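Please find the structures below.
Two complexes follow with subunit A in common, the first pairing it with subunit B and the second with subunit C.
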Partner chain A sequence: MLTNRSKVVVNKTLTFSESLYFPAIFRGLMITMSHLFKRKVTVRYPEQTRVFSPVYRGLHVLKRDEKGAERCTACGLCAVACPAEAITMVAAEREPGQEALFREEKYAAQYEINMLRCIFCGLCEEACPKEAIYLTPRLVPSSFKREDFFWKKERLLETVENRVDVSRRLMRPAQKGAA
Partner chain B sequence: MKVTIDGIELDVPSGTTILEAARQIDTKSAPPAMCYYSTLKDSGGKCRTCLVKITQSSAQNTRPSMRLVPACRTLVEDGMVVQNNLSEEVLEARKGIVELLLINHPLDCPICDQAGECDLQNLAFEHGASGTDYKEERRRFPVQDIGPDIKLHMNRCILCFRCVYVADQLTPHRCHGVLNRGDASEIGTYIAKAVDSDFSGNMIDVCPVGALTDKTFRFKSRVWFARPMNAHRECTACCGKTVVWLKGDEVLRVTARKDDVGEVKDFICNGCRFQHKKLEDWVIEGPMHVDRHSVISQNHYEQLQGPQDA
Partner chain C sequence: MLDLFFIIQKLILVSAVLAITLVIAMYTTYAERKLAAFFQDRVGPNRAGPFGILQPLADGLKFMFKEAFIPANANKFLFVLGPSISMIAACMACGVIPWGSSLMIMGHEVPLQIADLNVGVLYLFGVVSLGVYGIMIGGWASNNKYALLSTIRASSQMISYEIAMGIALIALTLSTGTLSLKEIVSLQHGGHWNVWVQPLGFIIFIICAFAETNRMPFDLPECETELVGGYHTEYSGMQLGFYLFAEYINMFVSSTVMAALYFGGFNFPFLNSLGLSHNLVTLLGVGVFFAKIFALMFFFIWIRWTIPRFRYDQLMRLGWKVLMPLAIFNMLVTAVLILL
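Presenting the complex of A and B:
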């Protein structure tokens, strides 16, 4: 015996009140009824939605810098940090005249996250030296097609007009350099 | 000659440097070297990362040396006692040297093709401090094409002179060298002359940083996503023994084989390096051994051997 929690089975005969069963059934019904007056644990989705934790790790976003240039430089650290091997990328060299589009002389021509593989651990965000990828409190939409879960760069990248706020992810104790 | 390095005594022939003696004990704990290259004559003495402390100069002269000495350029003497990793002074000096080497380094590792196999990266990781006191502007140079296959990022250069020795000793006519002096010195080709010798590609392999990189491999892949395989082919110009870096069936790049201290013993020709980018050109021998501490071993490409039946 390892835990002291095992109980010895006793085959004692029921008393008269126990053999009636009705008190036990009534007690069970009372428990059920009492739950009708307690606070409900479910919400009426989709009319109601739950409040996300500020550090919820959901759908990724690829950030742009203040001037609107893509921050990602395809260094591959997110992909090598990824325990699920969900991230793939192809790098390309920035041409003269593309300085407004890409921050560094190398950029991600293709960038893909397989959301079926992703376990939303956030290691990609932690590995990123360019503060380019963040997990956000958004959900990956469901779908019947596998292809819909292979998120390409175009879907991951935020637009200049419609930026994704990641300031709450940054409130964690400063692990990243000030760069 | 008997020499004691970090308390370990060994016998070496006269004319051996302290660095070579330390490497005979253990290549991992030997002093790091950024400029010394055993296969290139006269290299060494420039970067100062291999500084060691001599606590007893020789059997006759038991006094310690006045200052730290570069291990790659100092010959052993009989009865010499050297402190390497055991000396706080040496480790502190090495930390300072890393900071000095990084003064003008752009730290653009996320972009640099050398990241993951970079000597400076490893050195800074193992011996450097995480911060710097340097506030001034770093020197900047435009990226240059030297020759059809080599790209020069002068920003990243630490002026180790290894590539100049390659040009001097492996190619018939040297057409590049170090221009200007002191803080203004840079690697350049005279009158932008192309480096077109048949062995010029070895500069890429000897470069300890990402200053000289392979243009055919430029931004193709991070080194840790490629699978390095030992391979060979019949070559009339060189030994033909190389490492091919594969991604699927595609040959991303070809490099010379490095020994356990990261030095090339048999240099390869540009034909093997740049022209043969098809898998059919090569006879694959098997995966190159990668140290398990290297990020390249992330790839798990080396076949694990299961327990064998007795």
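Presenting the complex of A and C:
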């Protein structure tokens, strides 16, 4: 009564034509028949893919800077921010002469994301002070082996020749100032 | 000499009918999955072979390679016997179906029917009722309360609907005056299909056929919420496969019987005015017969994916209080009309 949304339940008995079932069955049959010829909604996945939003949060990428040096400095902020505790890393100090390889004096000797734990929230990307990690509109490939989902640095890192474009992610309002 | 020809001809016919039945039942599973998908705006199985055409083979292989587990407290012999009976009873019914009129091969007339029993309808009815033993024995031998309860359900359902079905058939035999399937089919020559003569009888028959094959609105023996998997709860591997497969064979057989009894079997309009040779007409007739069967099977599937199931008390009420009186009424009216 308070919300004015209460409904009176009618428990009416069926009329004769209803209790024959046939009209209802016939209507039902027509409905299913019309669906037989409708366009199918299934996306045949490996051959077809859905159109992703440009800011889709999929497989991560570890970025390099303009000169090709790794941006990550193994500060561990992403690992701390990660609600799923999917990121682990081992830090190392940059030796003289490695400036072209690593941008900062400290770098991640090992870096691993467990894609089975990851919930693709994007908090690692937000936490990173060095713009080193981004989520991309790519899917983590499926596999029968658990090991295939532990993505090591070698697989996460973009190559110099083959840069991964993350400009769409940068356009997010939250990161506009930083970019 | 003639005997040898006779034996060979029957052997070939038996193997052909058995093979065709099994292949059709196999592909009915595929058709069911495909059509179910289409009715629900999906695409259905499409991975095994082009359009998923090899899916039934894959399913069969999967059943084969799975362990056929027999529970410790089950009666081993009966446990294996159950699915076998289901399967055999389902296949046996094909023996009396007239698939076509006859072929002239090397001067012999070869009827396209394994056995022209003069009590064909009775035989059919008996064999179809045997199917319930497969379910009963399997469910009882499982030594599982769910299986047992489901078995009781299945058998009481089948027995109840068999009565109405039988009475509908009596009306049909009254109007045709014969129990031989071949004669019933020949009597429907030239568009005099029995559906026109016995519309009510046909409706009763088809409803009972749905119940006999345990298909939707009447698929209560399998019920996840109350009875887990029903009578085949304890079954796995190819034994389970047999039970599931028998359902499809039953569906094929019921469609065949309905096509033969009510839709003129291999008769089609202008059968003899085409001026074709005898063999060609026969083959065309077989084709027409199968077209009718497939249309009916499509109807089975169509119904399954359209309407929800009955509640068990509704099912019993429909069987005893609606269908049986209707069938008796139909029989009496037919009898009176014939007398007049």
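General observations
Here, the second predicted complex is superposed on the first by the 156 of 179 C-alpha atoms of A that agree within 3 Å, B and C clash if a C-alpha of one lies under 4 Å from a C-alpha of the other, contacts with A are read in each partner's own complex, and residues count from 1 in each chain.
One rule holds for everything that comes next: contacts are C-beta pairs under 8 Å (C-beta built on N, C-alpha and C of every residue); 3 or more make two chains touch, one makes a residue touch a chain.
No experiment lies behind these values; they were computed from the predicted model shown.
Contacts of A:140 after superposition: neither subunit B nor subunit C is touched. Looking at the shared chain after the overlay, A:69 reaches neither subunit B nor subunit C. Contact with neither subunit B nor subunit C is seen for A:84 once the two complexes are overlaid on the shared chain.
In the superposition on chain A, A:33 makes contact with subunit C only, while subunit B stays out of contact range.
When the two structures are aligned on the shared chain, A:25 is found in touch with subunit C, with no touch to subunit B. Look at A:121: by the touch rule set out above, it reaches neither subunit B nor subunit C. Shared interface residues of subunit A (contacting subunit B in one complex, subunit C in the other): none. Only residues 108-111, 115, 143, 218-222, 224-225, 295, 298 of subunit B touch subunit A when the two sit together in their complex. Those residues of subunit A that touch subunit B in the shared complex are 73-77, 79-80, 91-93, 104-106, 129-130. Interface residues of subunit C, counted against subunit A in their complex, comprise 35, 37-43, 46, 302-303, 305-307. Residues 25, 28-29, 31-33, 35-36, 38-42, 44 of subunit A touch subunit C in their complex.
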